[in-house]
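Here come two complexes built around subunit A, the first alongside subunit B, the second alongside subunit C.
And then the complex of A and B:
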């Protein structure tokens, strides 16, 4: 079930994976809301993040900087991160700027979840 | 779209956003934070910091991203290092470029590199280093290209100017605030001095102690009721305090005569408004027309007043207000030769004198102000206090005032100049 997360950003959880939905224009205002939600989900114990870009038409510089910050936080928390349903123009931007070196791109949310489950299956559990 | 075209569009967009951010008047720290995000996002840099310095000494972190809070603990810059930044080239900003001679980078290279910093750029405004921008590497892992350096350099210059401008505006605002405080203090000193002077005037007349202070307050209340601005109200209060200053040149025996005075003494006493004007005119008061209000506070609408026998429109409104306040206080306080008059009697006098001695709209305004206290419409109780306990508590007080206001034509607003 989707939660409003304080009325700011739409998100929901699938197991220990949080799916966070980006808005149509990823700028300072919306970027900070997504960042806040991602941090909140990680604090709540999520082990993986999917940021869904299905509604996103444009990402500006601040949006890029904030996404890098989210990647940083996820890495430091040991969480995996996948960007799903990114449009072609934004994929080109992410590739050009090197974001794709740090995240996996998935066609859609389902593929993102499959991708993450494969990773979990191949990652040894450390006790 | 060609990657190079897309990169250009992305960079131009960031530069436009940066210009807008720097030109804004919002919160300083937020401006710096957003500017830094724009810089980092343009080239996808994973970490960065903007630090300020106001001359040699410790560096102050204004904003940082992806770095620890302790990044700059104990980090300072000296004069030689600032000069080295001023003389340096863009490529000198690369931390690993050990061939460039910059003692600051030599001093902190190891520490900053360990934190993931790759570039250290000075913000130079008007030939002075105002701070530094520290940047981490690109998310792509690529080296910085010459285009990247140009972009970074342009954006850092923008941020430097933005910080400098905000600091200047802060200084201007601070000085304006200091001036305002100083001005308020001066006005307070002026008011206190005038009140002390008013008390000194009243001491000369043993029967009218506190008269000038009360006339000042009544005048203020009437002017406020007539919709005057705060500054005008303050001005007329001062005029009320000083309206009898001319009495300083009148013989004390005449002022203190226990009964009605003779024609010669009366003529001497009647000199006080003009004398007051002579005393007040050379002083540069912070409010307009105070000397004229003192000069004409004994003029009457019918032309039978003094010193100049002016009529209605010739008398400044301020003088009409002070005149009513002065007469009202005279009627409502005990004098050597009579007790004060009842409120009913005073209201009757005001009605009869309106249009002859007093301006009807001034009388109506005063009546409205008194009525507001009587009915409790206002919490202000100054008139009640000045008149003493019981004076306004008569059964018909409110009705008397209401009738007076109605007879004088109801509500008036400020219709004439001071």
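And then the complex of A and C:
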């Protein structure tokens, strides 16, 4: 079930994976809302994040810089992160700014979940 | 002729409307001052000496009179006949009432009839009788009160007493006749401005520019409520028309050659041209040859209107005869090129007068622009040619005591000998106006570099057809970015010795900034010379010019300079090699003309750009995601140009980034983003501007290292994205804020005719 958090960011959890939905325009304000939601999900014990861009038509550089911040936070928490359903123009921007070096892109949410489950299966659990 | 023209009545104008030439812009400006939008504002008409203003104001009066609106025109000219401020102010009151009643009764004849105040009360229309009677009664009480200042203020303030329902006064004061020097304790010029500036009605005060500005400062005028209009001599074409009109009116036969000489000899001065042609009529002279012209000119200098004009001025400036003779000597020596700049003390010693007397004298000379006086030094030698000739005559007659016949003969011979040189200088100025105009238009345009390199140009294009050259230049890949010229003057304005080497307009010094960036590092002084030569300039001449300019640059402390030599036929191979070695530029006349046409085109297209039909402009407030409004607008425009969706998205992202940059970095005072979208056949040009200060790393001129550093900061990505997404990105330098121009080209896709 989708959870409306602090702002208008939609999200839901699939196991230990949180799926967060980006809005149609990713800028400072909406970026910060996504960041807030991701941090909240990580604090709640999520081990992986999927940010879904299916609604996103336009992204600006501040939004992208916030995404990089989210990737940093996820890395520090030991969580995996996947971006799903990113349109071609946005992929182009991510590539220009080197974002694709730090994140896995998936065709859609389903592929993102499969990708994450494969990773979890091959990663030894350290106690 | 239209019925409107037929009904037009001449009231104060000395010439009919159609004969008043050369001052259409100024006339319209004065009349506009009478409109309600300018209510309560004053217009200072700053006149260059002998530029002529009286007829301009009379024409304005007539036009307003004929309109029959609620604006009541009042024209008053201070004359030398008035001896005190009080008598001038009383005369003003009388004129005001007379012209008011003439306007109200719609009887032009009343405005110049010899009427007393008593007559005027008798003539006052019934609705005005009460306030006019009160005004006259108050005046009669004040007249004998011994309080001059109050009386002057009362008289000058009379227009304020017109009841609002009876109309708005528009007062035009012609102060070209030195009202300031009227005797008495009241300084009239200052009083006029004190009363008028606070009077609440619109007015025009015309007079000598130095005098009027000084009076405005002395009266502590609020310059926010004052408009300024400068009145200079007429340019040659207009002055030529004036000569034709006046000559026809005065029935003086003239030739084209004589007309042009008159224009040049009097430097386009309406005052001298009118005075001179009036003298021609009085003497039944024809002006068909140079000899006719110079004979009349010399007659005028020795005993005509021009003589009387200068004699009156000199007497006003220096009333004592002995001092006047010493002054003539001093001024003539300066005009002849000796000791043009001296100290106040030297002048005092040579004129044998006290310091306060000299201050007064120098002030009067300064106002007339016969000298430039800055409290400590006096620079003499200026003034029109007729003034210099008059001084020479006075010097020879009064100081040296030479026989009059000899001085007359010499003056006539000298004037005749000078006439062809005067015209030759004028023709050369026209020919060289091209170079001057071209350099003055330098404003960061990109031009083919080959236009500054004669050797390369010659190798590629010598003997080629004009069309081939133009298309060849269009394909040139090596560009030269012109600087922005901020000041241009002749070399001789910097170093007078240069006059002996070349004609003034042949040799120019231009202060420029590269990329219109106002910093020491970008400041470059262009030293340009048009070298006279019928053949290709040889190495010796080229070297001499380079040496000359290098020496000039050293003397004037120009640390960065660019030498540019122009020659009709270009330069020999050896000379071109030398120019290249000395990092000097060299162009032939043909290259210069090609350059001029390119620079003109750029200027022209810049004009079209602001008013083009395929241009959209939008202003949005910063913040609130307003960049999306701009992006969506661009999307609609780009769709019309059939850009493909990917390109449209790139454009939108670039606009969003540009708007973010403007919002984040401009410290904008109005918090607004100005957008312009220009549609061309093969491209969309978008300009995003904002006011405010822009951090230096955004001006587009940063180094590679700086770019790298900036890109490492996440917030520095905007510009990087824009540069990647758009085809051309350029920061246009503006004085306040920044302006980013981005261009996206339409590109046909494989298998399609256009960009999808």
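Note that the second predicted complex is superposed on the first by the 125 of 127 C-alpha atoms of A that agree within 3 Å, B and C clash if a C-alpha of one lies under 4 Å from a C-alpha of the other, contacts with A are read in each partner's own complex, and residues count from 1 in each chain.
Keep in mind that, in the parts below, a residue touches a chain if its C-beta (ideal position, glycine included) is under 8 Å from a C-beta of that chain, and two chains touch if they have at least 3 such contacts.
Fair warning: this is a prediction, and the values are worked out from it, not measured in the lab.
Partners subunit B and subunit C clash in the overlay (superposition on subunit A). Shared-chain residue A:54: touches no atom of subunit B or subunit C.
Once chain A of one complex is fitted onto chain A of the other, the partner contacts of A:89 extend to both subunit B and subunit C. When the shared chain is aligned, subunit C comes close enough to touch A:25, but subunit B does not. The partner of subunit A that touches more of its residues, comparing subunit B with subunit C, is B.
Shared-chain residue A:72: touches subunit B; no touch with subunit C. In the superposition on chain A, contact is made by A:97 with both subunit B and subunit C. By the touch criterion defined above, A:62 lies against subunit B and subunit C together after alignment on the C-alpha atoms of chain A. Working note: subunit B versus subunit C after chain A overlay, options 74-82, 110-118, 146-154 or 218-226, clashing stretch identified as 146-154.
Of the residues of subunit A, those at positions 60-62, 64-65, 68, 89, 93, 96-97 touch subunit B in one of the two structures and subunit C in the other. Within the complex, the subunit A residues that touch subunit C are 25, 27, 29, 58-62, 64-65, 68, 88-89, 93, 96-97.
Those residues of subunit A whose C-beta lies close enough to touch subunit B in the complex are 28, 60-66, 68-69, 71-72, 89, 92-93, 96-99, 101-102. Interface residues of subunit C facing subunit A in the complex, by the touch rule stated above, are 625, 627-628, 631, 646, 649-650, 652-653, 656-657, 660, 714-715, 717-718, 720-721, 724.
Interface of subunit B with subunit A (complex): residues 1, 3, 6-7, 10, 13-14, 17, 34, 37-47, 65-66, 138-142.
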